[in-house]
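Chain lettering (A, B, C and D) follows the sequence in which the chains are written, and residue indices restart at 1 in each chain.
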Amino acid sequence: MSQSDDKPPTFPAVHYLNADRGVWSWLTTVDHKRIGIMYFVSVLLAFLLGGIFAMLLRIEHLTPEPTIMGANTYNRMFTLHGVVMIFMFMIPAIPGVFGNFLLPLMLGAKDVAFPKLNLLSLYLYWAGATLAASGMIMGGTDTGWTFYAPYSTSTPTTLFPVLLGVFIMGFSSILTGLNFIVTIHTLRAPGMGWMRIPLFVWAIYATSIIQVLATPVIGLTVMLVGIEKVGHFGLFDPTRGGDPVLFQHMFWFYSHPAVYIMVLPAMGVISEVIGAFSRKNIFGYKMIAYSSLGIAFVGFFAWGHHMFVSGQSVLDNGAFAAISMLVGVFTAIKVFNWVATLYKGSIAVKTPMLYACGFLFFIVFGGMTGIAVATVSLDVHWHDTYFVVAHFHFIMVGAVIMAFLAAMHYWFPKMFGRNYHEGWGMVAACFIILGFNATFIPQFLVGNAGMPRRYFIYPERFTSLNVASTAGSSLLAFGFVIIVFYMIYALVRGPIAGDNPWSSRGYEWNTPSPPPKHNFDTTPIIDRDAHSYQEPGEEVEHVVI
Amino acid sequence: MENKVSKPAAPSSHGKEHAHGPGRYFVIWFILLGFTLLTVVTGRMDLGAANLPIAIAIATVKATLVVLFFMHLSESGGANRLVFVVSLIFVLVLMLGVFGDLLTRNPMSLPSGAPNFDISPESRIVPHP
Amino acid sequence: MSSSEAHAAAEHPHNPHLAHHFDTIEKQDTAVRLGMWLFLGTEVLLFAGLFLGYTVYRHFYHHTWHEASRTLDLGLGALNTVVLITSSFTVAMAFYFIKKGKTGACAGMLVLTILFALAFLVVKSIEYSHKFAEGALPGQFYHFNEVPGPGANLFYTVYFLATGLHAFHVIVGMSILIWVLVRVLKGHFSPSYYIPVELGGLYWHLVDLVWIFLFPLLYLI
Amino acid sequence: MNELMRRMLWLPEQASTFSTSVDHLHYFVITVTMLISVAVGLLAFAFFFKYRERRPNQSTPMVIPSIRFEIVVIGVPLFFFLLWFVQGYKDYIWYTSPPSNAMDVYVMGKKWMWKFSYPDGPNAIGTIHVPANRPVRLLMTSRDVIHSFYVPDFRIKQDVLPGRYTETWFEANKPGRYQILCAEYCGTWHSQMWGEVVVMPAPEFDTWLAEQKAGLAKRVDTGGDDGGEFRGSIVEYGKRVAMAQGCVKCHSLDGEPHIGPTWLDLYHRRETLDNGQVVVADEAYLTDSMIDPRGKIVRGYKPVMPTYKGRISAPEAAALVEFIKSLRSENVQHVPSKEAVYEPVRR
């Protein structure tokens, strides 16, 4: 609960970080918090790797001619950028790190339902990531992260380890989702009905459903591509009667919902952050919770909008386009609810809140350009151009990474018991938000102008916008460098944060920060709604809008 | 879902499952064998377009019996049923989306050798007039 | 949760099978069952991809596929169906017996199930060896002259991929049942704790389920 | 207004009938998108100031959505999205329904070139001539992997699939030269798989086509990457490139080893390299060897070949590979993949 200001903040003597010591205690731990921390380190490394690739790609595009690398290197690099960022960073990022760390704390449980399975997920993730990385060392692959057949089945590059890595990471993702669903169903503290679950948990729940039901399809699909590449079984090979468009159907049946695997947890984070920093009951709790489920469900019906110019039938294009519009409505509901939550609040403008504000802009612009590219006739021009690249980076980087950073700052005291420097946090946030806009808004324009994606060299008329985008990306990178410095400082020397530095009412702040090994000594009893800033029975002013 | 820790009651677990004994398993087993025979017989009859729907209908009945009684879904919790049904719904969604495409696609865009195409080797990629 | 379940936990407050983060063994069992059903859901979706490939190519090449399916040995296929259905029955019986506390009968049923699984694999390998001899093989390896026309090779691609993935599941399921059998023989299970028998059985039923669909689709179209 | 918006959004020229109608929807969609997203961002920011924290642990009112609010937040976005969808789908149906009087041109994509054929007329590599103000339907197929035929100035794009045809159509309304790009990633030189649409006034086009058919244009330009065109099969084109670049000075065509390995039966031959590695001389290896000849030297040959990077264009390299593929002695079983048979497709 909210701590009073006159007491100095406390730091527990024994907590989950120092309860056991030694590398072995980490590698064999079944503590969800430690597993979360190990995910944290892993995904940050993956992000660093993918980010370096991204910067090299941007530098390459400074001139229309070859700048620092050859065509084959470029093609491998954008593939690896995609594979690393999507399968190693985006998908495990928020569920793996914050889901693992916070889910049991928010539910009042001592651990997730299957702690050993949770550790297995982490090991599978490591194994898959290592395999995919070994594919890069063995020469790299040049298919793009989409592995479109028949190019992927005929490329001379090393594809198999990458496919196997994706397959194994897929299993890690399935097991994580399975674990979370069971946890949410069976390990809620007494008194926590379904309508008292924090919104972050709702988001993770919706995400997990997608992970469990969609990931097996991509697992099978990448294995079929692998088999096809090695054995030429003809399943996607037109010369043997196969249908390459079938591959696209199977691929996007997973990969479109996969977008929601990435963005739903981000939405959950924003719900928590906005509620906590405006000291408000979340406006329209039920609408936000149900729209998460709605996105998860409708997201499964929309995959065909990636295939408007692939030769898919005109009728199917229309059906998929219409359904895609519904996903937009669910997102719009959430956005309006977040903004309405700010209304009449008591807003503490802290770093996580800046990221949340950036998130709101990015999700609206990214989401609505998403609706725009789902408008069939417009997509004919935009498909596979930089407009699409900019659109999904607005969602993936703009929305998801903003939410990841917001979560990282908001829960940093929870995880480590120390706090970061607020001033530097704000400065870095400004750099990142501005740099992000400067990077990707030119890419919308260059896509409008007709520059296709995955272009190593490009016609000269696109030069100015590409230079602008590269310049913007340097701002973005600089912002991340600042974060690295003050976060490392905060980890070692940061001021003691106390149990609940934000006076947040989230259930996870009911434990000491950092939490003890088994979270709770006694099972907590939940007697109020999530995100409630009133004590039970307290008189409050009601405003209806 | 309630989260009460304990309530005193009789020690027998899963009370409902005691309602039936091995007899029920025998019955299901015999029905399944009967359906297998039926599907083999109807499968070899020439029923034209009806062959496939009949085969799938029989398989579905068999699968339902296995799921409900061998796998005890008829008596397990709502969440388990929901999970299984939802997974089947998504299988249907996958099929529906793809078939919405295949059945209405421009015939030229179908693979060579598909019904709308001549199958002589000369015209591998030339659509039938 | 029925009230009878809760009492069982009250009687065994220090159940060795109860993990520290669960309040009661019933709650843990509910969780484990739900987890298993979710896993079965993922398996269904895993096979869905292959069934999709099947339906798509059958739609494209239904005449060729009709001929190609006639080259499969219906007798062996039907035999395998009977074998799997019976094994499903025996594993259900094993579950019944362990709930009754009849460890010996349960072990016997599990042994029968494992033998049926082996029989299934033997029959399957006989079929495979015929196909290899005929050259009715997937994709580029196809050199079987009885079924001409485009798409015939794809029938065998789907046939081998689907039955291969299924056979892999048979092997996995068999290994799980062997592990369960060992634990049954060691006397680990009793009417108050038999979750691994139940889950192993569920997995085995899924293997049966998939075959119930594969059999008519491959052998009878 | 149209021109202002077009320039602000960096859209290319509107050179087809489809581009104008699609652009108007584009302006509408993008304007609404920008207005809404900026409004939401600013509103959030304004709330940051207006409702900033004035004292710690301040109590806040409980704000509750009314039914009216819910209807508005669901209804308004849904209305706009469906409006876009309906208009977009209407345009799309128009775009996918070529008029029956359209002139057919066959298009073949191949790593990394475009080839065009008129039903009873000439073939051309890299450049397609079309009349202005007359509908043209393209029937497209691919020799190898998926490509995508993209003309930004016409706002058209259609994937080109191997083993079957896809179609697209346009009616160009401004004579001029417009770039064709490949929009579906297809390998090393995907980014150079360019071509050109030359839109001629209709009478001029008719004269041009008649000349071509009469065989008057025996004069053959040297194939260059800047719009120079060559009429004939890809193999012939590759042969010309081989002669012009002097490839045949070192590579024989008859099986005799010379300074370099012979090209006869080279395609899909297993070659042992000087480091002992065995490679199959497929398209990728052949292309790599033109760009980086010292990278993979066949055992027994000296690393004397200069790089052709920058000296030959992507279509030229593709044509060379095609020429090499055509050089087969009779005992080789492999049948080279067939080109599309250029017959009009009736519907």
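Everything that follows uses one rule, which is that a contact is a pair of C-beta atoms (placed from the backbone, for glycine too) under 8 Å apart; a residue touches a chain by one contact, two chains touch by 3 or more.
Source: prediction; values computed, not measured.
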Counting C-beta pairs in contact, which chain pair has more, B-D or A-C? A-C
What is the distance, in whole Å, between the centres of subunit B and subunit D, each centre taken as the mean of its C-alpha atoms? 43
Inter-centroid spacing, subunit C versus subunit A (mean Cα positions, whole Å): 35
With centres defined as the mean C-alpha position, give me the subunit A-subunit D separation in Å. 33
How many Å are there between the centre of subunit C and the centre of subunit D, using C-alpha atoms for each centre? 47
Quick one: which residues in subunit C touch 2 or more of the other chains? 23, 30, 34, 38, 41-42, 45, 48-49, 52, 56, 60-61, 150-151
Would you mind listing the residues of subunit B that make contact with two or more other chains? 3-5, 79, 86-87, 90, 94, 98, 102, 106, 109-113
In subunit D, what residues contact two or more other chains? 161, 163-164, 166
All chain pairs satisfying the touch rule are A-B, A-C, A-D, B-C, B-D
Flag every residue of subunit C that touches subunit B in the complex, lowest number first. 1-11, 23-24, 26, 30, 33-34, 37-38, 40-42, 44-45, 48-49, 51-52, 55-56, 59-62, 64, 74, 78, 81-82, 85-86, 88-89, 91-93, 96, 99, 149-151, 191-192, 201-202, 205, 208-209, 212-213, 215-217, 219-221
Can you list the residues on subunit B that touch subunit C in the complex? 2-17, 21-22, 25-26, 28-29, 32-33, 36, 39-40, 43-44, 51-52, 55-56, 58-59, 62-63, 66-67, 69-71, 76-77, 79-80, 83-84, 86-88, 90-91, 94-95, 98-99, 102, 110-115, 119
Within their complex, subunit B touches subunit D through residues 106, 108-112, 122-127, 129
Interface with subunit A, subunit C side, in the complex: residues 19-23, 27, 30-31, 34-35, 38-39, 41-43, 45-46, 48-50, 52-53, 56-57, 60-61, 138-141, 150-151, 153-154, 157-158, 160-161
Provide the residue numbers of subunit A that touch subunit D in the complex, in ascending order. 2, 5, 71-72, 75, 142-144, 148, 150-151, 154-156, 238-239, 244-245, 278-281, 283-284, 287, 309-311, 314, 317-318, 321-322, 325, 328-329, 332-333, 335-349, 353, 357, 360-361, 364-365, 368-369, 371-372, 374-378, 380-381, 383-385, 445-446, 448-450, 452-459, 465, 503, 533-534, 540-545
